[in-house]
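Next come two complexes, and both contain chain A; in the first it sits with chain B, in the second with chain C.
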Partner chain A sequence: MEYLSSDKIGIIDFTTSEVSEEPLDEELVRENIGGIGITTILHEKYKEDDPVVLGTGLLTGTLVPGSALGVITARSPISGKVVHTPLTMYTGIELKYSGFDYLVIKGKAQNPVYLWIHDGIADVEDAGELWGKDTWTCTDQIRKLMGDDVIQVLGIGGAGEAGSELAQITCNYWGSADRWGLGKIFGEKKLKLVAVRGMGLIEIAEPEEFVSQARSMIAEFRSAPFSGRQGVGDLLAELGHEDFNSWMGPLVHRHKSCFNTPIPTNTFLFLDEEPQLMKESEKDEPGVLVTDPLALLALKNLGLSAKDAGEALKACAKQGIDPYRVALLAQENGKTTLQDLLGFLPEMKASPEVSYVQEIFSPWCPRRPLWGDFGIGSDESEISQWWNRRQAVAYIFGIHPIFALMSPQLSEDKLLELAALGTDIEFDSNTIDKIVGRLID
Partner chain B sequence: MGIRIDPIKCTGCMACELVCSYHRDDAFAFLSACIVVYRAKEKKDYFGVIVKEEESLVIARPEGLEIKGIGAVDEEAEGEGDSSAKPMLLREACDLCEDVEDGPLCVSVCPHGAVYTE
Partner chain C sequence: MNKSHNYTTFYGLSVDILGALGGRGNTSQHDHTKEQYDFCRDHYPSIGIYSGGGASHSWLWFVDLFDRFGLYNVHLISEVEIKSGAIEPLDVLCVSGGDTFRIAESLGKEGSETLRAFVEGGGIYIGACAGAYLPLKSSKQPLNLFNYVDTKIANVTKSLPQALRMHHKFSTPYGCEFIFHPVRDAVELSIGDLPPFYSTASVVAPLYGGPPMIPSSQCEVLATYKCFTDKTVFLVDRDLAAKTVINKAAVVRKEMGKGVLYLFGPHFEHPHYRQANKLLLKSIYWETNERKKGIERARPFSYQPISNSRDFLAQLKRDLSNSRIVATSLEMLPVYWIIGRKVYEPAKIREFLEAIWKRIHRLEKTENIFLKDLEQEYLQSLGSRLRDLVRELKRSIDEGKDTSELAAILFADLNRFSCMFCNIYFRTMMAASTMGE
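Now for the complex of A and B:
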């Protein structure tokens, strides 16, 4: 596969300590495009070894607006189904440029290991020194060891090591969209973390036309209904929680975008520092990046102050535990102060019952259009059907799943056209239908 | 005239960096860009943008914009450029996309109007 690709699938077997490689076959892309179109095929192929499959969409890391997405496909410990967790911020692009399109991580290591993915190489390293440490310490140590502060780290903390169903695979210092407990699978494999750095080059089949179309879309989005909206507060206000900004506002430092996403969907809260400070804080850990608006909302609903909710998010991220389900369990058990919640964290092992247990796309993403008009009605089953299809498309092409809910301009036809321009592959117009039909039963 | 950045408007999306690399390579390769999002101090939410010009470095820190002559760049500033694994001083200088009709490209792709010319 020549374009929008590194032409490489890495297969890492912890049981045999072997790393092998396969080219990315163009026919596989023609039939399945990319992202979860292909991670699901790789998962099925190696399912006997309970694999964790990492991948990116066909358009990930390009100039197409919102092309931030990486994805983890694995078996959910809470449902047994094969599920998908989107990776946002910069993780998707570092993976895209790492020299691998997909990574299959299978088998179980005897002793703790970590994976170092870079320059088309997958190194399996001893993680004896990292096991037992929290995700913040591990991220710091890996970056220091490699001498590179923008390495992306998918890791687990104490929850994943202990086999908790609430264990989350975190991204660097922050929580992720993993509501499935995939951190438990890392723990079972004795995989402490996957460190990724992308310094490669991605070729485009028709570069001028591809970039021209992407630039037109970026220009168009400047006057989109979401233009000027920022961060988790505006997202939640759009979802009907108008008081959220006034609750959180005094702690907001800055809003942050995921790669090439025209609206920032993350918000950094300063918990231990003056939020107006623009100079570099002298404190090592002044706050927390909110990457999961609905988890913060669930913590607010416990009655916590914004500062305490931020502290809870930070503690969850360090231990690698899903803050959304922590909030549900805290509510069920009457742990509605920060102190009670933190004291209760070590006891949280089994997942609470969740409404999304039979789904495959992360409920981290709101379940309705945001600011955008997709021409769908108000019928709940119609919205649900639309949402699942829209998520599938986002996870195939590599579009930020939340941004996909506010960008009707990124239609399926448009994405297919961009994919064809980028790869020189003529995709059959029924390709998306076929893939989605296979993914959503 | 040169590329300037309003650091407070920037949300760190890196569209400028990606399109700059396309200008150099007709492909996407972040290491080729002369405009780089500085994102090494993630835990402190301290990020900005650096541009390599022929004679100077444009350093857009959150607290303000600074333009330093290349000869006057101290170790600290160069250290910041190093966050991207290829030192700023080793990169090609910004040519304002002189061969692009409606360039500079980085200005045209910034969703927030944070990149401009002056």
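Now for the complex of A and C:
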């Protein structure tokens, strides 16, 4: 595969300690485009070894607005289904430029290991020193060891090591959209973390036209209905939680966008310092980055203050545990103060019953259009059908799943056109139908 | 042996240069085309690039230039090879930027005598920036060992003018005086209608501390500084810069014995300046043709290919990748080091690493890699050491430690590693070319 690709799939077998490579076949791309179109094929191919497949969308890491997405595909310990967890912020782009298009991690290591992905090289390293440490310590140690603070770390904390169904694969210091307990699979494989750095380059088949179209879209988004909105507060207000901004507002320090995404969907809260103070922080880490608005909402619904909810998020991120399901379990068990909740964390092993158990896309993403007019009605099943298809398209092309809900301009036809310009492949207009049909059915 | 592949490469160079500069067809009195092509069939110029004591990273630009034009008979050489007389069979010796005093100190009396003998015996000396200062007439020790060209430096002063910016790169002590650098980056030059340039067009090239010259009548001035460009960075007042630089000689040619010296104030070898590159290559092309000292291309090739080239490259790549990741992160930090008389920024670490990185990919595509005894072990061990050094450098900076000593060791190792790698690279490419791979 010549364009928008590193032309390499890495297969890492922890059982045999072997790393092998295969090229990314153009025919595979022609028929499955990319992202979960291909991670699911690879998962099926190696399913006997309970693989975790990492990949990126065809357009990830390009100038196309919202092209931030990476993805983890694996069988969920809580649902038994093959599910997909989106990787936002800068993990997707680092993965895209890491020299691998896809990584299949299979088998189980005998002793703790970590995976270091860089420049098309997959190094399996001893993680004896890291096992037992929280995600913050591990992220710090890996970045210090490798000498680069941009390295992206997908890791597990104590929850994943202990085999908890609530275990989450975290992104660096913060929580992710993993509501599926995929951290447990990392733990079973004795995989403490995957560190990724992308220093590569990818070629675009028709660069001038591709860039021109991407730039036009960026300009168009400047006057989109979501323009000027920012952070988890505005996002939740749009979902009907108008009081959210006043609850969280005093702690807001800044909002943060994912790679090339025109709206910031993450918010940084200061918990230990005054957020309005214009000075360098005195603490190493004075707050928490909220990457999961619905988890914060669930903690708010427990009756916690914004500060306590932020502390709970921080504790969950360090231990690598899904804060959304923590909030559900805390509610079920009457642990409605921060102290009770934190004391209860070590006991949380089994997942609560969740409504999304039959889904394949992370419910971290709101289930309706946001500020955008997609021409769909108010019928619940119609919205649900639309949402699943929209998520599938986002995960195939590498578009931020929340941004996909507010950008009708990024239509399927448009994405196919950009993919064709990027790769010089003429995609069949029925390709998306076929892939979505295969994924959702 | 596939000979046609070989001379196609050099033939392509000739056509390229001639085409770019309007061709020799415009100057029929100098129509040597047929003769040159005959020469190309028999000879492949043997080129040495100085990368020893005092050389900065800019020798990599010569590597890039010759590599791009398919000139693979290239040898990275240090003061040791020069002193030992190993340059005698070369057609061309290129000396690029760096610390002129340190280059002169490294070469010493022995090196100066060998260098003189090399040129007088028919060799071609190409000096850029520090390499141009080196053979200019000077009373300062040890530069006075290299008084080959009677030309004055225009940017010498007893009292330094006020520096407007880049104070750390602005001047160098020169005995009781100073050499100061009025401008940096792209300047425009007038090309004289003299052989080998044969053009009245102007060309743009970058000046990074090289000399504006006032030559004696024994020298030919091939180019003069014409004007500044919108990319020129002024380190002093604009009028003073113009007075010091404009209309001064930028490229000088001086015959010495059977050989010749070319002194380039600006870096004509810089990879971003293709027109200037072609003029420099034209000089080499012209002079080697005139002198016909070139080595037979079909000479026996004495090295053996290694059997585990894939593993060897994989290990090198792994260490190099780890090093370039740290080097990129160092570029975010506000640090620089003064080593000798030169300033080194973190970006220079990656100049070395990237030069190797892109060539590893080309080596991966060749069937065989040709190494001398112990080169494999030495290169692998140096690669791992570099990775550790650059990581230690980053850690030490983060901890607020003084890293001057560590940086000096790192740059010395980087230079050593790059030289050895480039020698292997050119040797392998030469073999691949000769064998028709």
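Convention: the second predicted complex is superposed on the first by the 438 of 441 C-alpha atoms of A that agree within 3 Å, B and C clash if a C-alpha of one lies under 4 Å from a C-alpha of the other, contacts with A are read in each partner's own complex, and residues count from 1 in each chain.
What we mean here is this: contacts are C-beta pairs under 8 Å (C-beta built on N, C-alpha and C of every residue); 3 or more make two chains touch, one makes a residue touch a chain.
Computed from a predicted model, the values in this text were never measured in an experiment.
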Quiz prompt | Which of chain B and chain C A:Met199 touches, first, second, both or neither | solution = both
Quiz item: If you stack the two complexes on chain A, which partner ends up touching A:His118: first (chain B), second (chain C), both, or neither?
Solution: second
Practice problem: Check whether A:Lys108 is in contact with chain B, with chain C, with both or with neither, and answer first, second, both or neither. | Solution: neither
Quiz item: Does chain B (first) or chain C (second) touch A:Arg438, or do both, or does neither?
Solution: neither
Quiz item: Who touches more of chain A, chain B or chain C?
Solution: B
Quiz item: Now for A:Lys47: first (chain B), second (chain C), both, or neither, which partner does it touch?
Solution: neither
Quiz item: Looking at the overlay, what does A:Val150 touch: chain B (first), chain C (second), both, or neither?
Solution: both
Quiz item: On chain A, what residues does chain B touch that chain C touches as well?
Solution: 148-150, 197, 199
Practice problem: Would you tell me which residues of chain B are touching chain A in their complex? | Solution: 8, 11-15, 18-19, 22, 25-31, 39-47, 62-63, 83-85, 105, 108-109, 111
Exercise. In the complex, go through chain C and note every residue touching chain A.
Key: 314, 317-318, 321-322, 324-326, 328-330, 390-391, 394-395, 398
Practice problem: Using the touch definition up top, name the residues of chain A that touch chain C in the complex. | Solution: 118-119, 121, 123, 144-151, 197, 199
Practice problem: Using the touch rule from the top, collect the residues of chain A that touch chain B in their complex. | Solution: 61-63, 65, 90, 93, 97, 136, 148-150, 172-173, 197-204, 207, 211, 215, 218-219, 221-222, 230, 253-264, 268, 270, 278-281, 283-287, 289
